[in-house]
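Labels run A, B, C, D, E and F following the written order; every chain starts at residue 1.
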Amino acid sequence: MSSDNELFHPVITLPDEIRKGRYARLVGLDEVKTRLRKEAAVLADPSVLARWASRHHPNVAADDQAFTLLRDRAPLILFAGDVGSGKSALAESFGCDLAEVLDIEVTLFRLKLTTRGTGHVGEMTALVGDAFATVIAEAKLGRSSSGKLRGVTVLVIDEADALVQSREATQMHHEDRAGVNAFLAGIDDIAGSGIPLLVVMCTNRLAALDPAVKRRAAAIFEFGRPNDGQRRKVLQNAFAGFDLTDETIDKLVLATGGRADGRPGYTYSDITQRLVPSVILAAYPDTAITADLLLAVAEDLQPTPPFDDRAAA
Amino acid sequence: MSSDNELFHPVITLPDEIRKGRYARLVGLDEVKTRLRKEAAVLADPSVLARWASRHHPNVAADDQAFTLLRDRAPLILFAGDVGSGKSALAESFGCDLAEVLDIEVTLFRLKLTTRGTGHVGEMTALVGDAFATVIAEAKLGRSSSGKLRGVTVLVIDEADALVQSREATQMHHEDRAGVNAFLAGIDDIAGSGIPLLVVMCTNRLAALDPAVKRRAAAIFEFGRPNDGQRRKVLQNAFAGFDLTDETIDKLVLATGGRADGRPGYTYSDITQRLVPSVILAAYPDTAITADLLLAVAEDLQPTPPFDDRAAA
Amino acid sequence: MSSDNELFHPVITLPDEIRKGRYARLVGLDEVKTRLRKEAAVLADPSVLARWASRHHPNVAADDQAFTLLRDRAPLILFAGDVGSGKSALAESFGCDLAEVLDIEVTLFRLKLTTRGTGHVGEMTALVGDAFATVIAEAKLGRSSSGKLRGVTVLVIDEADALVQSREATQMHHEDRAGVNAFLAGIDDIAGSGIPLLVVMCTNRLAALDPAVKRRAAAIFEFGRPNDGQRRKVLQNAFAGFDLTDETIDKLVLATGGRADGRPGYTYSDITQRLVPSVILAAYPDTAITADLLLAVAEDLQPTPPFDDRAAA
Amino acid sequence: MSSDNELFHPVITLPDEIRKGRYARLVGLDEVKTRLRKEAAVLADPSVLARWASRHHPNVAADDQAFTLLRDRAPLILFAGDVGSGKSALAESFGCDLAEVLDIEVTLFRLKLTTRGTGHVGEMTALVGDAFATVIAEAKLGRSSSGKLRGVTVLVIDEADALVQSREATQMHHEDRAGVNAFLAGIDDIAGSGIPLLVVMCTNRLAALDPAVKRRAAAIFEFGRPNDGQRRKVLQNAFAGFDLTDETIDKLVLATGGRADGRPGYTYSDITQRLVPSVILAAYPDTAITADLLLAVAEDLQPTPPFDDRAAA
Amino acid sequence: MSSDNELFHPVITLPDEIRKGRYARLVGLDEVKTRLRKEAAVLADPSVLARWASRHHPNVAADDQAFTLLRDRAPLILFAGDVGSGKSALAESFGCDLAEVLDIEVTLFRLKLTTRGTGHVGEMTALVGDAFATVIAEAKLGRSSSGKLRGVTVLVIDEADALVQSREATQMHHEDRAGVNAFLAGIDDIAGSGIPLLVVMCTNRLAALDPAVKRRAAAIFEFGRPNDGQRRKVLQNAFAGFDLTDETIDKLVLATGGRADGRPGYTYSDITQRLVPSVILAAYPDTAITADLLLAVAEDLQPTPPFDDRAAA
Amino acid sequence: MSSDNELFHPVITLPDEIRKGRYARLVGLDEVKTRLRKEAAVLADPSVLARWASRHHPNVAADDQAFTLLRDRAPLILFAGDVGSGKSALAESFGCDLAEVLDIEVTLFRLKLTTRGTGHVGEMTALVGDAFATVIAEAKLGRSSSGKLRGVTVLVIDEADALVQSREATQMHHEDRAGVNAFLAGIDDIAGSGIPLLVVMCTNRLAALDPAVKRRAAAIFEFGRPNDGQRRKVLQNAFAGFDLTDETIDKLVLATGGRADGRPGYTYSDITQRLVPSVILAAYPDTAITADLLLAVAEDLQPTPPFDDRAAA
């Protein structure tokens, strides 16, 4: 059996301060955040559903088919979207929120891409199998023998397309196809098991994921670039101390947005990691940050081009 | 000789409760279900045909050429269709029905994809040969020395295209082509043998199957997405306890159907594994499931895109 | 030297009853049947030509150049055509006819596809060489030391394109090219030798055969799907006992034919292996086969799509 | 060092009867035949040029630059043309003519395609080097120490494109490129050496030969399909004893020619190996060969399609 | 662990005279030069920002979010542009300027392309990891335990596209993708660490860099061919002693510029390494350099064609 | 370390008679010949430039930047052009001229193509490194410790594109890219070193050379097919003794030139190695060379088609 080191990045116990801060700073993702809480809640204690139903749908029995369907799904969430849209940051930090809301510890596993193995026959199948075995063993500890939730395990698979690329692809290797099958088997093993485990897959190549994976997803969230309101919020936070006028912020929101000529708007990270630092360095050491300077720098910077998924086109 | 473990998923004796339930829940597949019963019936006791003919076609002899042609066919059924259309579920569960109707045990073999082997010369040929030898040996036990049927064996080959991809393909390896031939040989061995064995191949890439395989199929069934009536039935079952009005169901049937803009309708599993759970989680914990909520969630969810078989285009 | 087992499917001595029946049932192939008889006749006793000439062309000498040319050709016949068109069945059964007409035994060798070997350098060359050596040794026994014919050997190479794909192909391996050369050498060895051996190659990819192979062919026969008359005959035979009216047969002939929308007609095996059995199962167990039922089933079945030889396009 | 067996087909000493006959039967290739004689003549005794010049160009010295240029060329002739055009037959038989005209023995080496080796680095280079060393050693024996010609060696490289494919090709392996260089080195070694050796390369892919090879060729002859007169001659020879009228031959010449719809005319071997035998078998055993029969068979046969050199397009 | 020799070209301590001269001669790159100074300055002593802010933005606290964002970025600068545009020269020489301005030593590491390894699984990942470990260890020495800056380390990755090609590419190997990930991990390790290290990547294939790399870049500078003013300066410097008239220089500036027909202008190195030497050799040994000669040579020389990045198109 | 035998063709000391003759016969290449002399002259004794400048540009100092630029270039000359254009002949023979003009010995190294190695990682890098080390060691001997020139070394790299193909190519191997880098390193080592070494690269695929190589070239010469005057000179030389009239030569010049229909003109070698010998053999043994014969032969011969560099298109 392969060691955990080969399969996962260092395992992290949440909440931790860094990720908690990141989670808080993620703007405009409330819908996803809410859903993740609910998924965790029903996984933590399925009886909450019966209690809810008894309140709102008195005719529904605790073993209603609808609940069965819900419980039998795979606890699999897909985050799709562009580089810099915050999907990876959310995947690695939402456990902090779960930990607080449910008052438990959340254990975060992050699958290494190397789980794809070296191409030897059966290796990827074995590695993927080992990875699920490890995570499931850990996750099972999250529920006491009495059924009470003690912890939730989150498995994050970043760059998921590298692992479960669509078997539709023309030139796919048999070994890769077998790996997709191993992954599907792992997911099917968890489905309906009641093990407190959430699997989150991130990809900027949603179209490249195997349909059988997408079919199993409880939810697929598409992360876009920030809209006007979201950019405004990020900009206001970043320049909070710099006394910018509302008008300047307005112009900056516009300057960082998409354009009629097809240029896309800024990503979250274009603003936080490139625009803000560049503006400071442009002013430093001799001048203040002015509206003109801000706009000039914004004009100059090019937003990260969208991921152009030629391979899946 | 390769061990059965390498070749097959765990062998299952039918009926079992889980698959029986699944079979019952499969909506809108009556034509296929009937045909499978008939195939099994004439395989179980070929003399039923003569008896039938004596009743309806008195001029036909028991050894009429038509009967010979029927008996000499391969007992091979193809299930083709999209992800989530229920074809695999039916393939693995119809044995429950046979078991009841014929009052026998049905043994279910499910071929592993790894039967394709590792690409070494002759390996796939050997593995496919072993697989057929194993299944045929088992199936022969299904008929007593007196000819009486004691059991039926079903061999399910899911993702069949991975095994018997069309030799038409431009860049096919010789080894794969040899594997197709081995498969054809296995099928030809059973044809006309009277062994109580049914082979069911499932694929979402019918176009990718070798013509020589399709030519041998006794029947090819194409599984589509559920039509209005089928979706209605699934929805009514799922929300049975939730007191939805007929009008709400009507709207939901519409909302989950295909659209003029080319968006396909929901698959069976889109409804059961994604729509129903998402609706519950959308309402939980504070509101009831209302018609508006149902329709909003349905509107939001994207049906699984159809499998787009570029490789066989 | 490779064992015969590696090179050939089990060797068969003709006539045997199964193949004799098949030969008889092959409808609409009289031209090919006649030619095969003639090829065998002149191979059996070349002096028949001189006798024929003396009757019809008194000026022609027994060693006329025309006879030399005929004798010096390779005894190679190509059967080209679609899946289910009966070419393989004819190739493996016409020996029964020869056996009767010439009153001899016919030995049937069927080359295994694995003769292409594993891609090692020189291996395919060696395997093809061995195969020809084996067949030629056997075939030589067919003529006594006095020159009298005791038997004819038939070598059938099915899926011939796999062995002698055109060297025109852009991405052909050197090893494959060498194998084509080995094949050409084998054919050239037989040409003009008077050994009672006929080589029949079957392919559904005539365009993919090497031009140098086609050039050597004494005759190339293209097998199509059955025309109206041929389908009528097959249908009448199959439903002989079922008292169908001529009108029903007429409609069935039409229903199984090609259509204006490009749908091809039924192949032979579409009729015998799919239509006839499906009709019986559709009627069984409760109803008789009626004209309506027949036509409904025929309407429902899709003829096997034609082999679409992309790789040779 | 590789054995000769690996490098060459069995070495043949000319004249022999079979090839002499073939040479005689090659129709319409007089220009090439004459040139080959002259090449051999000046190679046999370079002083014939001086003697010729003294007669026709008295001002030219025996060591004139023009003679130097002629002597310094590579003794390399290219035969290019379609399958069945007689180029290989001529390459392997013209030595019979040289032998007679010069009253010497001609040694015929035919390079095996396997000289391309197995793709290992340096192997093809070594094999090609060995081949040239062997042939040159043999060829040197053709001239006595006094300079008198005792024999001529002919090296025939059929399917030459397989060995010296153009280095222009986009996807050429380094090893192949090195092999072309080895070949060029071998040719350059002979150039100007006075060794009585002629190298003839045959190819149906002239466009695929490396330009550096073509540049070195003393002459390039393109072999086409027979024209009207050539087909007439072949047909007359073949049916000499059958009393065909001139009018019938005329029609046959027309029927075997190219057509306005792009169908090419018959190759030599289409006529000799397919048309003539097919006509005889069509008449045999009951009728005579008539004009109508001849034309019907000719109509029916398809000429070999031209080699379509996609790979070099 | 791999030795430094495998990973880096010889390590260089700046300033040195050669690179100092080169830095001085780089014309028209003032914007980049200034930015590099600033990046180094804030890396050297982050408190300079607080001091600047206190002067220009009194409301900004020292731990303002904007400063956090700036500090948390990766110290990664991308130089993109054509062959001969001076980007590599600047990357390897700007350390001389830092050394002077900050009065410290600058250690220059230049990554070898061979860091991509041999394609073995995990090797590239390990090599990239080793490289970052080495550079980071060295760079940490650049700050004393009291936090005072003692030196800055610069890591230059030339031909960066070879290392971190976009994972968007259709035919990318898994191993390469893993290498990109290793690189991203290395960059993320430095981000926000305060280690005095600058990473400069040079590429003429900006489009081929992975978006995740570009997203992390603090700044991306595109180096073009010199404009009129820049060419004039270079030409004046080069021909300083040759007494050219302003008019001649004007013409030369024009002659070395881009043209309406799409011919690009001269690169820096086209002027310094090709035009100037060619002019001297054209005049030597018998004539002086005249305006006509200059223009004739300039006319004759072809500017280096722009890098045409087909692979990333 | 690899032996010299692996890296180079036999080393040659110039002048030798054969190459001296060839150099003399090369028509129409005076510009290149002159430049090569000058390159060698300033390499032999850089002070000649100062002496020249003192005569023609009195204001220029001996250490003027222009001289520095000239000295710092790589001594790399590119010969580009078609097969048969004389570029290789010149590259291997111009050393004879240098030897005479400078009264020294010239040592000619010709790199073997096999320097590309076998594809093993690092091998090509090592081989290229060894080759440069060997040549540089030899070349250094060419200058005495007092700085006086004793000999010049010339390194000829024929088929240079095979070694330093552009890294722009879509499907280039990493190993090849590393080899280009090794080559660039070798060239950069010589640049500015004053070692009496000239590197000449020949290619018929200029477009396929890496831009970084082309950028380093001191000069790029494109060799075309001979123009009218050059063909006239070659023809006159070749047929000097045959008393052709001027009018005949005129016609011949025309007949061997390019045509309006796109047919290119004759290469040098088309005339010397194909036209002249063919004309003689056409006349031999019975007739004289006449104007008509000459023109008929010229009409018949096809000029070598231009190298069509698809791979670099």
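FYI, a contact is a pair of C-beta atoms (placed from the backbone, for glycine too) under 8 Å apart; a residue touches a chain by one contact, two chains touch by 3 or more.
As the structure is a prediction and not an experimental result, all values here were calculated from the model.
Asks: Using the contact definition given at the top, which chains are in touch with both chain B and chain F?
Replies: Per touch definition, common to chain B and chain F: zero chains.
Asks: Using the contact definition given at the top, which chains are in touch with both chain C and chain F?
Replies: D
Asks: Do chain D and chain F face each other with the same patch, meaning over half of the contact numbers show up on both, or with different patches?
Replies: Comparing the two copies, chain D and chain F contact each other through largely different residue numbers, since under half are shared.
Asks: Give the rotation angle, in degrees and rounded to the nearest 5, that superposes the C-alpha atoms of chain E onto those of its identical copy chain F.
Replies: 60
Asks: So, what's the distance in Å between the C-alpha centres of chain E and chain B?
Replies: 61
Asks: Chain C to chain E: how many Å between their CA centres?
Replies: 70
Asks: I need the residues of chain A touching at least two other chains; which ones are they?
Replies: If we look for residues of chain A contacting two or more partner chains, we find none.
Asks: Among line, ring, star, complete and other, which best matches the way these chains touch?
Replies: Topology of the interface graph: a ring, with each chain touching two neighbours.
Asks: For a quick check of the interface rule, what order do the chains take around the ring, beginning at chain C and passing next to chain D?
Replies: C, D, F, E, A, B
Asks: Going by the contact rule at the top, pick out the chain F residues touching chain D in the complex.
Replies: Chain F reaches chain D through residues 83-84, 113-114, 116, 118-119, 159, 162, 237-243, 267, 269-270, 272-274, 276-278, 280-281, 283-285, 287-289, 302, 304-305, 307-311.
Asks: Along chain C, where are the residues that touch chain D in the complex?
Replies: Where chain C meets chain D, its residues are 35, 38-39, 41-42, 48-49, 52-53, 56-57, 59-61, 64-67, 69-70, 72-74, 121-122, 125, 167-170, 174, 177-178, 181, 211-212, 214-220.
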